[in-house]
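I've put the structures underneath this note.
Look for chain A in each of the two complexes below; its partner is chain B in the first and chain C in the second.
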Partner chain A sequence: MLETLAVAASQALTLTNFFGAALGIFLGSLLGAIPGLNGTMAIALLIPVTYTWSPLFAIAMLVGCWKGSVYGGSISAVLLNAPGTPEAAATALDGYPLTKQGKAGKALKMALYASVIGAVFSDALLMVASPPIAALALMFGPAELAMLILFALVVVADTGAKSQLKGLISTALGMLLATVGLDPITTQQRFTFGSIDLDAGIGLLAMLIGLLVMSEVLVQMEEGWKEAHAEAMVKSDDPNASRVTWPELKGCLGTIFRSSILGSFCGALPGVGSITAAFMGYDQARRLSKHPERFGKGELQGVAAPEAANNAVCGAGLIPLVTLGIPGALSAAVIMGAFMIHGLAPGPMLMVEHPETIYGLFMLLILSDFFMLIIPLPLMKAGQWVVSVPRAYLFPVILALCVIGAFGTHQNLFDVKVMVFFGVVGYLMKKWELSPAALLIAFILGPMAEVYLRQALKISGGDPSIFVTKPLAALFLALSLGAIVWTVLRNRRSKKTA
Partner chain B sequence: MGRKLLAVMLAVVLAVAIAGPSLADNYPSKPIKFIINFSAGGTTDTAARLMSSKATEILQQALICMNKPGAGGTLGVSEVARAKGNGYTIGTCNMPAVAIIPLTRKVPYEPFKDLVQVCAVMPYEYALMVRGDSPWKTWEEFVEYVKKNPGKVTYGSPGTGTTNHLVTARIGKELGLSWNHVPFQGGVKETAALLGGHVDIINNTTASVASSIKAGKIRVLLVTSEERFGMVPDVPTMKEKGFKFSQISYMSVVAPAGTPPAALEKLSAAFQVACSDKGVIKSCAQLDLHPKFIPGKQYQALLEKLSAEWGALLPELGVKIKK
Partner chain C sequence: MIQNRMDFKLGIGLAVFCIFLLVYLIPKHVGPLNEADALMPTLVTGFVLLLSLLLAVQAIRRPGDKQHGAESHSGTKGSRWYTIALVVVIMSAYAWLLDITGFVLTSLGAMVALFLVFGVKRWLPILAISLGTLGGLYLCFDIMLGAPLPVGTLVETFLE
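Let's look at the complex of A and B:
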């Protein structure tokens, strides 16, 4: 064992590999921070290049890139209300209000610390607890997943909306849009109007860029360059406006810890993902807070919670990959390709056949978490400088990036049309105080709920009792009902006090 | 080096300027777009990239790999079908994208008119498999159990209309089994459901679960491909068990119709060399993939035969046919 570790260390801890991890983090956070571009894109671009490199260098770089991009997205989310990556959509909810109060630096640093803590937590789990967590993840079959997703839908349905009704409208819209494409069970065309481009459904990334980024540009353009700019640039009198104080961090530690657990859980389950994790993290912080009314208005916990959760997905997303050969998240699936091309077939034999490589990778992962503390700092500064550029110059550039980002994912012009369409939809939603964030999360969760529900019923031969006879499914069904009751009671109480 | 490069570039520019792309002697005179119809990181992607780097060496032009996944591989294939037939856009293709899916729903290409099969390069290897700790040690034991417990057993596939689904359904039909099909979204989720005990048996590619098979977490009961596998040499094929059909799908290279025959020949020759290259074979073997070259015309004929055969069976297997 010690010998293996020594060999692993000698293979992993080289300057070249450090450089790989650092470069990955830099590229990831840069692409993540630029609205319109994102980390999955960065990873997909890097993958073919990495085929010729040593496996550790390649994988360290790819994982670094993934982690970097998940954090990077929060920079534009906080500064511009235009999340650079979908994972950061929840971060914008409280991050941008903080920027408006002149506390952009504080929000960005909190996002960074929460991200790093979440990442370290999840990497530690990957190293010490992979087998039991993978076994737990396997217990989630279609029935359990269907109820878990139902629970997620219930708790995040009204995220970011002015009222519960508007939140639910946004959620319903998202679920409706998600039905476009091939029916996941019968593979018949559904609401595609004969367009092959719609066979694969509405492109998530193109839709996101429109809904979250382009719509924000439209809103701010309408508000007028000058006022919007002046408002965004308010100077805060708080001497700690651009740093996080110890009491503040301490106050958020509980939230960060809970989010890290949630994020790791979502990461380890194949096909749940970091966007869901971020929103569920945000929601637990809001629900458990003594001051839920402060959320959405610049609550620091609302920045820490989603960032810890979405970064905790990365390490945990590798748990089912290295133990079972099953990638837990989208980016992990891409990284699986890097394992395979280097002859490392992911699965239970990976640890037996290539222990040095895997332990070496673990070492690099933990190290890269600490690189995360330093590498994005210049980007943070640059970001703050960029938003001080007059909007008349900034917005056209962002719009161009939106087009590039939408086109770049699949080199398909149709995606650009989708992006523009949802830019307008997002704009209208913001005007009517609906929640693009709720639409987004429903768009992601809706199809999962459908697929898992239908698969579970296929397994049971159409008998719905499968959702109560399976203990984990029953647990999440009960939690969903509990959350609904809890929300109703809370609303009654707040009406009484109001 | 610089001068050499300059000379090559000049030569290329001149060649294009003088001869134009229509002269196949100069083909390929510029990089070739290689559309991979599955996502990055999967079996098809990995094999395609391993082969394309060898083909690049032979053709002296880069094959630029682009992933265009989605809708059972039809999105990538339709991109190839829509491209100009000049030899500068080619792609990977799976059997159902031309032989089965076009029968079940509208696709924007005529599989045997808009596309030319350049060659087939690798068979996908399939088997029916159960969990390592399941009570069934042999295919017969499993069949006996299903017959004694009608309606209780579930089988998973990576999706409705995949060869995995159709072949398994056909096996069930011939044996008169009463079992339920659960389509998953891709092989990964299918495998997870098997390992977690949520379905009893799955039909999957062996390469994607090689590690789990070696570790004893998954047991192969019946090889549904034509020949036995080196990984599990004792497991019989379905043909040996008396079935008159088997699960055949290759990863092939396709080009748009109208691609000059000379270009097709050059491409085919390049992939033939890539398929027999020691380095490629070794890298593929690490992943339990085994390249095998079939000339384009021969594969096209096989596809047409398969399409007719499956087309007649689809309604009986519970798959809707396009109106």
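Let's look at the complex of A and C:
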């Protein structure tokens, strides 16, 4: 073990990798701060640039970008009351009132410190929890793994869709699209329509960029965006208005740790995500506060709690990815795509086959948390300018990046056409209230699910009762059915309350 | 009376697509439904068919959410539809022309067209941002990553 850690450290702790992590945080903070862009879009656009780089450098940069974007969202939330990313919406509740009091600097710095503490906590949990979970997962057979993926898909179906039914439809469509190309076991052509380009299936990156980036531009065009114009910053005479004092930080530490635990829990569970985590963090801070009446009027704990929680999602969100091969959130799904492009198949075998790379990545993640203390500082200073970049100037550049990004990985023009096609599909899906996120995650998990399902059926001689007679498989099947029933009941209850 | 027209149309459309898959596409482009290759596509299509019919039935009984449902989309302004359609046409042309006119010419044309569609009227920022982006992309992909961007058959012929 120690030898593995030493090799991992020697591979990971290099200047080049430090630069990668720092660059990711910078780009993530920058793009996250601009309303209309988000971390997932940023990661999707950056993946093509990384394909010739070492896996450690590339993945450290992409995860850094994820973390940076989660923090970056708080910059526009605090300065403009316009969250740069959805997970920063809770931060705006108290961050913007602080700005109006002339304490924008204080709010942004508290958000930064809480983000860093949340991220360190979550990464430490990732390091500690991943090896035992992966070891446990190694004992699973095809039947257990097939049912585990089914459970993950059912949970993920709730991500982004208007109703559970539409989420399940999106998930099933993703699995159907995953069957395009050569059969994973018999190599028989399926839905290729005689095209060589489709033999390897639909290009993941092209589909991802189309579904997540191009479609988002079309949706924002339809909704008609209102350009963000930062108001002149209110100046305060208080010398402490732009910094966080030690008593203030100490007063928030309890909240930050509780939110970090909540955020990590949400991150480790597939489908829960950072938006829920941020609001849960905010809510627990308000309920446990001695002065709940101050929340919504510029309470520092109201900034610290959601920021610690939404950043704690990132590291913990990698736990199911690294150990089980199941992405817990959309950004994790995009990073899973990066793992695959770099020849690392996420799942329990990852820790057996590439322990140095994985432990090296863990080290870089913790290190990148400390970079977060320094790198976003210039962005805070340039905050007003950054958050006001007009989208009319931004979107043509993003669309050009989409085209070149889709082309760049495989140098294949067919992928560009695929990207445009899925851009339109993603736009229509959002319009019909289906979930591109659920479709994408199902598309990634589909081939694995198929292989395990067929292997299990081969072992049982075609008898599907194997999924009920194996205790763990039966448990995951029951959990899947339970998740569906629970969501139906929850939706009925919320409709009645409404 | 159908309560939620958008969901009803979606459900029926998906159901028809699934039947087409089960009756024609899977047998023709995968194999007989009872073979191992066709197991997953058949299972998943059957599941989508079931869910689509459920969606259609639900749409007959339950009205859509007034704020987020079909009604909200009917308010989309005609000019925005036109702009979205224009962007899709430009992007499609961009994808198809890359092979013929190459990265530089196609990207420059597409970016200028997109800027105009997005309402940017000043030529200096249009050209500066377009050329800057293209230069950056060329530097990044062609020179730094060694991943040549398409030159285009037409440009190649012209250069020869």
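The rule is short, and it goes like this: the second predicted complex is superposed on the first by the 278 of 498 C-alpha atoms of A that agree within 3 Å, B and C clash if a C-alpha of one lies under 4 Å from a C-alpha of the other, contacts with A are read in each partner's own complex, and residues count from 1 in each chain.
Definition applied: a contact is a pair of C-beta atoms (placed from the backbone, for glycine too) under 8 Å apart; a residue touches a chain by one contact, two chains touch by 3 or more.
Owing to the predicted nature of the structure, the values given are computational and were not obtained by experimental measurement.
In the superposition on chain A, contact of A:W432 is made with chain C only, not with chain B.
When the shared chain is aligned, no partner comes close enough to touch A:L253: not chain B, not chain C.
Looking at the shared chain after the overlay, A:I185 reaches both chain B and chain C. Look at A:P346: by the touch rule set out above, it reaches chain B but stays clear of chain C.
By the touch criterion stated above, A:L472 is placed in contact with neither chain B nor chain C.
In the superposition on chain A, no contact is made by A:A382 with either chain B or chain C. In the superposition on chain A, no contact is made by A:A124 with either chain B or chain C.
In the overlay built on the shared chain, the residue A:A9 is in contact with neither chain B nor chain C. Legend: residue contacts after superposition of the two complexes on their common chain; A:L168 is shown touching chain C, with no touch to chain B.
For the contact definition in use here, the residues of chain A common to its chain B contact set and its chain C contact set are 51, 185-186, 188-189, 411.
The touching residues of chain B, counted against chain A in their complex, run 39-42, 45-46, 49-50, 53, 65-68, 70-72, 74-75, 78, 101, 104-108, 151, 154, 159-161, 180-185, 188-189, 191-193, 195-199, 208-212, 214-215, 217, 283, 286-288, 320.
Considering their complex, residues 44, 47-48, 51, 137-143, 182, 184-189, 194, 196, 199-200, 270-271, 320, 324-327, 333-338, 340-341, 343, 345-350, 352, 410-411, 451, 455, 458-459, 461 of chain A touch chain B.
Of all residues in chain C, those touching chain A in their complex are 6, 10, 14, 21, 25, 29-31, 36-37, 39-41, 44-45, 47-48, 51-52, 54-55, 58, 65, 68-69, 73, 76-77, 80-81, 83-84, 87-88, 91-92, 94-96, 98-99, 103, 107, 110-111, 114-115, 118-120, 125, 129-130, 133-134, 137, 140-141, 145-150. Residues 49, 51-52, 162, 165-166, 168-169, 172-173, 175-176, 179, 183, 185-186, 188-193, 214, 217-218, 221-222, 224, 391-393, 395-397, 399-401, 403-404, 407-408, 411, 413, 416-417, 419-420, 423-424, 427, 431-433, 446, 449-450, 453-454, 457 of chain A are the ones touching chain C in the complex.
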